[in-house]
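These are the structures in question, set out in turn.
Across the two complexes that follow, subunit A remains constant while its partner is subunit B and subsequently subunit C.
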Partner chain A sequence: MVSLPTTLNTRVIGSRDIAWLSAGFLLACVPHLLRMPVWISLLTIAVAGGRLLQLRMRGKSVPKWLLILIAVSASAGILLQYRTLFGRDAGVALLVVMLALKLLETRTQRDGMLLGFLCCFLLVTNFLHSQTIPTAAYMLGCAWLLIACLINMQYTGPWPGWRPSVRRAGILIVQGVPLMLVLFLLFPRIQGPLWGLPQDAYAGLSGLSDNMSPGSLNSLILSDAIAFRASFNGNIPEPKDLYWRGPVLWDYDGRTWTAPRIVQSTNDLPDIKPQIEYTVTLEPHNKRWLFALEFPGMKPPRSIATLDMQLLSFTPVRSRVRYEMVSSIGVAYGADDDQSMLSRNLRLPPETNPRTSAYADELRKKFPDDRNLVGEVLARFRNENFVYTLSPPLLGEHPVDEFLFETRRGFCEHYASAFTVLMRAAGIPARVVTGYLGGEINPVGEYILVRQADAHAWVEVWLKNTGWVRVDPTAAVSPARVERGIASALPRSDVLPMFVRGDFALLQRMRLTLDSVTYTWNQWVLGYTPDRQRRFLSYIGFSEATWQTLAFILMVCAGVAILIGAGFALRDLRGVREDAVKKIYDKFCRKLTRHGLQRDVAEGPLDFARRAGQRLPDFAAAIQEITALYIALRYGGDAKAASMQIFRQRADKFSVK
Partner chain B sequence: MPSAAQTFSLYGALKNGVLEWIFQWRGPESGTIVLVQRRVFILPTRQGLLFAGVIVLMLIGSVNYDLSLGFILAFLLGATGIQSMLHTFRNLANLRIAPGRVLPVFAGEAAQFQIRIENQARLHRYSVGVTRDRLSASYIDVPPASEVLATVAVPTRRRGWLRPGRVILFTFFPVGLFRAWSYADLDMHVLVYPAPATPGLALPPPESGSGEGGIQGHGQDEFSGLRPYRPGDSPRHIAWKAVARDDNLLTKQFAGRADAEFWLTWESLPPAMDLENRIAHLARWVIDADGAGMAYGLRLPGLTLPLAAGAIHRADCLRALALHGLAADHT
Partner chain C sequence: MPAQINAVADQINSVILGKSQQIRLAIACLLARGHLLIEDIPGVGKTTLAHAIATSLGLKFQRIQFTSDLLPADILGVSVYNRDSGIFEFHPGPVFTNVVLADEVNRATPRAQSALLEAMEENQVTTEGETRPLPRPFFVIATQNPSHQIGTFPLPESQLDRFLMRIELGYPDAEAERALLNGVDRRDLLGRLQPRLDAEGLAEVQRQVQQVHAAPALLDYLQALINYTRQTPHFEHGLSPRAALAMLHGARAWAYMDDRSHIVPEDLQTVLPAIVAHRLSPAGDIGGASRSELVARLLQQVAIP
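Right, the complex of A and B next:
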């Protein structure tokens, strides 16, 4: 029995509680520690470790001035590091350091609980970086531990060990699941963001950009990251037809291809049957492009189509989006594009690549027909000693000249760029198209998975009376790249992400199953947007519900969920049973009562046995034995069947005669 | 027109009435009080509100950065918090509260009321607090199917019967987000002995004629041994040297003459002395005489306790002094 204050505020918590909290805090911020600048991670670990060491050595507490000094200098360091204190990453770093310092001065239960709550908040910040299944599982584990920490602090009597608190935390979480599901499905969702996001909010999203300079695609090709997934209604087209159109690059400065800042929009999309129907689930990439097979036959909602057949979302894609799409494969468009637009697709920077220009003139003289000229260049790529590799030699001042006539080694961006320059020099309007080629068919989930590694660049040329036609010079050099994917196109020595080469059948199979699980996760868990919630509500029959109706549904369902939780929680209260052991003991006591020995209501069994033994010395041993058995069975928790039997036997046989 | 004091008392009465109605205060209840559902009240603690605030922050962050998992975690923690409310409630519900033992104390000491708390369920009740003054509490754990004793200390000021009043049982367990509490006004009372006068007057001389040579017997002359300290023993008789060796207080006993006849009477005190002072001095004499192991009698107006010695006689005398002149309402 302990005498303590009646509020939680000023109760001092034990060193065990603080050690648990430190563990919870460190686990909650491990993913952040791996990401943050080394000095912040080291500082955090040092401070938390210092607290543990201080507990162990029973050292003196850290003086306030030192705490303030560390806090101020860490803030200054973060300010220098991130140039702000309020950005997303800077904010997280500040939170981590401040929580470590809070750990240092946590003494009372109020502090401990606050720290526990803030660590829970810290868990959410991890989702800024990753929302995968493993992250979710890890954070759930951390939440579990943190709740166990909070429970641990509540024991006022002897500590019953770590098991009861961990177990009870688990029970609380599991019993909370019904209510969580109701809230997740029905709690009104608002489309964010609520305020202007800091500039670094979407740092680290990878994808194609609006320009292409040497090496820019190269880094994408080395990335395992998923660009999007597409599931088809019907058969999946041939791999060689899977050209996912992205940024279209018009302007060339001798080195970098750039997309025009403004392109006219159009509603005139090719509508040629047969059309392929499919649904794209696009990962956020912080740009406006929505990818579709060449050429899209419709616009997704909240987007525009441009004259050069790009689909642009109204806002940058910052969360996973899902859209239905139709495409007509193998067609041309834009036969009636006006002259001013075409002339922009003929422009070349002056005085660059002289040899290419000369070669183009030569070709032009030999092949007056554009189609023949294109065919001739492709044949040259095919027949001469061009090599497809991801590690080409560096190119100098006249990159196209050097590539075409000297190095002859490169990958799609080199071929696309060189081909376009050559076409323009020969007077054929041409431009570079970037996007993705192919993708991996996932037989488990029956969809196509397109990774950043599938990034590709190709060319389109404008032919009189036909319009824009796709030409892929890479296909001429390395047909395998187009037909079987990047892994088969590259020599073995080239480095590729592990997942892209499919060497091991079992590994491949596991990976595909895993991705299919991820796909479902993305669809149903991460992709539960306000839009999806609306669809879900209309699915269960509330399509045009007012907010009052929605609030009512939420209330009713939450009420039911809480009742379910209450059913689980209060189950242990019911079934109050008359203890078998106590029954036997009461019977034994009644036998003594007949001899004038009434057990006082507040008298413990041991005291009673002593008193009875003094009154009935002949039976003292028997009384003592029965009492000892009773105590062992009832309070010792050692309810073995054998000793229960002995207890029953002795108590039944006992009589005072 | 009601005066300010009247308005205040009116407000007080109204407030009390409302509280009485909400919390169903009905005065002392005899027998065992079972904390059934409608007797257990529950409200979030300050920490609980803070936790709710943190969850709202999580939700705002999740909306802003479009974090589906943030929503899930926030909802899960919120649901866990709500569930913890039920667990806090059940930590108190269906406990059976009954009066336990309480020993008489001298006025000025704290009476230690034992309260028996029985848990018939399979549930282990951890950290159940018992308080009377809402400032400090004793916390106990009640294992499944068992009974434990909690002690409530009640300070005493006056002699006579004392009730512990309304006791609050409360718990924050398991997470501390909610506080469940219940009132138990047990029908129990303790006898508060009068505080003995310090320093007391010397014991009156023994009355002659009842034993041979009783004249010398002051009962405080010959040291005969030590016995454990009992409340009310004169500090002059505490064996301070022995205390230095041992943590327990010991009182020196003196062999008096058991055959000496002491009468502790109302009249042997100075006539100017008022009622309470007289009782205080008589209490001191009873303790001193008992400490000396003497036989003594007590004579009060309207009551005479015959010559006797020993613990029972001491208790009878002190009881008579405690209740002297008081309405006998709790006997």
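Right, the complex of A and C next:
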């Protein structure tokens, strides 16, 4: 028999409960504490620590005015810090501080329960920052503790120790798994800002940008952050073909290459067999580019393709996207580009790099044919003493001149930039293409992992009757960069992120396995998009399901679950299994209920019969008789005193007309 | 036999006017072999009621007026040296009787109280190393003033628990009071009361009360009531197993007086306030309900299975 208290009560909870709550709260906000400004983290820890200290020393409680003062000044501080109280960071900071203060004034069970539930909410906000497996695992642990904590607060008698609560919390979590799966699969997913993260969630995402100046790629090379992963249907192409095309840079001001603001879109994508089919899972980078192997043969959904073969998403990529792609490798495009466009790709700032211009004129005279000229320059890069390094000397006013004729030490962006300038000076339309080259093949998951460190810049030149052709001057200088990746191309003294060099075989293997698990998690858990949900639903027989249909299915499922649960709970509440006599009597009572005679749960049969008899005097005798039979059968000691048949018969026949 | 008990009740009703329910409860308490505590302000007829019960049941009756200087020996008795025989002779105290009326029990010191309460629990008295059994049946009817009155030593919970029932008499209604004012002196009436039963008869009735049937459904209800006090946070402590037994015996006696061979839930509900009110206290000090509110909540919230 379980009797539930009618209201959440004002019972004072013990110091043990407060200590558990404090621990749960602190654990739930540890990831936030590491991210928030120091003063907020310190304030939170100080307040929570103060509460624990107060418990230990049995100190006096904090006066109300002080609480209000701290709350107001902390809010003001957060407002000053973030310039707002809304949004992800400010909102979470406010929540953390206010919960810490709530901890300070928590005394009764009602407060404790509220705080416990709010901590669960705080826990969920961690997902606004990170959705990785370790985060999820950590949060599961915290949730376990918090649930145990909520259970703990329900004990009014002696405490049976922490084991029963922890075990029960574990059982509750396991029982929640089916519900979680139903919600995960069926909860309507609406594309768009409704479920999006607040705006400030995207600060600090790294990736390629729409311009390139000496040293800008350099910082990317030092990052081992993941740019995207790609899995191929079929064999993975050779490393030298893995040019992942990104921003195309047209305009040069003597130092910086910039992408044009607007480029015409096109539907004319190369459709040349053989094509490679693959799927890209792109990490958010807050820009619109979708990366594809050169040259893309289709557009992903919700994106456009431009004349210079960039794929642009309609909106900046702010969450992980997954798209299928086909590409034709080793082709040229845009043979019929018009003159105005080509002339833009010949433009150079006046009076820069005079030596380069002179050299270009000289080359032009020697090689009237464009192809030969390109070959000559590449040969020069290959044969003269050019060095591929991450730490090139700084360049001055005429960077290309200095690079080509003096320093001769540089990185892909230097080579791409110098080569393009040289081509333009010689009258060949050329532009810089940035993107990624290669990637690491993960044999565990059979996909390619591309890191920011794989960022690369190369060149494409326009040849008459052929169109735009890729030329990679870096390949001429350092073939290893193209064929074996960045780590083998650089001298060992150059600093690289730890995971890029494959020095430790075991470590490497572990890392690849781990990344493979993460990839699966991303694919199936985080990548469960509206699109995938639709496909899953049509698989189980609900084709063309709108989110309204989904909501309906979900409500039906939830309704059935609640009914079943309520049935169990009611049976538990009644405690005893009802016997046949009781059933007949209840049926008899229901007949009277229709005449406004509701038997109270705590009303005995004699009292009820008396009341009913007063209300319906004509039937008083019948009611008395049935009640007497019921009492004799249910409470009487003599089994032969009354007959079950007679009771059933009288009760069934009874009716008020 | 229930007819005889009803005759006892009727006779007492003619002395104490307008209190038939309390009188029936008091008789039920004795039929269930429990001790009775009557709590009320002075002058509402506590002592008269105790006297009337003892006389009507045909039992030997002794009265001890508890005062703050009462000693255990005044209750239990003393050994006095007899010069003729040259030995100590035990002179039994007033406790050696069938019905002891412990008047204003909370005016005595805890020491004197405990002497009586020990006799109640053990049905025997131990003085000077010798244990002497008390006569059968043995009842204590104690009266006490509400504890907030001046000069009282409230009985501790453990000792309150030994009383099967605690009843309050309360003021009589206007009609009963007018009859009282018009009638003859109550003391004269007491002297004229006739015993309607004797000790053997009472023992037989008590034996029959024990035979009253408690069905599983009824025990379910009893346990539901007990569990409610143990599981909901309104109560400082839940009811003890002794309280559960008291509820069962009380309900049996009530059912017997209603001339039934089995208990119905109403019997339990009727005797419940008198049996549990003095054993329950509200939890904490925040928004604490009074004891009678607690009992009312218990009766309303627990469904009859």
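Things worth noting here:
Methods note: the second predicted complex is superposed on the first by the 529 of 657 C-alpha atoms of A that agree within 3 Å, B and C clash if a C-alpha of one lies under 4 Å from a C-alpha of the other, contacts with A are read in each partner's own complex, and residues count from 1 in each chain.
Here, contacts are C-beta pairs under 8 Å (C-beta built on N, C-alpha and C of every residue); 3 or more make two chains touch, one makes a residue touch a chain.
Nothing here was measured: the structure is a model prediction, and the numbers come from that model.
Using the contact criterion defined above for the overlaid structures, shared-chain residue A:631 touches subunit C, although it does not reach subunit B.
In the overlay built on the shared chain, the residue A:582 is in contact with subunit B and with subunit C.
In the overlay built on the shared chain, the residue A:177 is in contact with subunit B alone; subunit C does not reach it. Subunit A has more of its residues touched by B than by the other of subunit B and subunit C.
In the superposed pair of complexes, A:115 makes contact with neither subunit B nor subunit C.
Look at A:607: by the touch rule set out above, it reaches subunit C but stays clear of subunit B. In the superposition on chain A, contact is made by A:128 with subunit B only, not with subunit C. Of the two partner chains placed around the shared chain by superposition, neither subunit B nor subunit C is touched by A:453. When the shared chain is aligned, no partner comes close enough to touch A:226: not subunit B, not subunit C. Applying the stated contact rule after C-alpha superposition, one finds that A:623 touches neither subunit B nor subunit C.
Shared interface residues of subunit A (contacting subunit B in one complex, subunit C in the other): 1-3, 5, 9, 156-157, 574-576, 579, 582, 600-602, 634-635. For subunit B in complex with subunit A, the touching residues are 45-47, 50-51, 54, 57-58, 60-84, 86-87, 90, 93-94, 98, 100-101, 114, 116, 120-124, 126-127, 129, 131, 134-141, 143, 145-146, 149-151, 170, 172-176.
Those residues of subunit A that touch subunit B in the complex are listed here as 1-9, 88, 109-110, 113-114, 117-118, 120-121, 123-125, 127-128, 131, 135-136, 139-140, 143, 147, 150-151, 153-158, 160, 164-165, 168, 172-173, 175-180, 183-184, 187, 189-190, 192-195, 197, 201, 318-319, 525-529, 561-562, 565-566, 569-570, 572-577, 579, 582, 600-602, 634-635. The residues of subunit C lying in touch with subunit A in their complex are 213, 215, 217-218, 220, 223-224, 227-228, 230-234, 261-266, 269, 283-284, 286-287, 299-305. On the side of subunit A, the complex with subunit C involves touching residues 1-3, 5, 9-12, 156-157, 574-576, 578-579, 582, 600-607, 631-632, 634-638.
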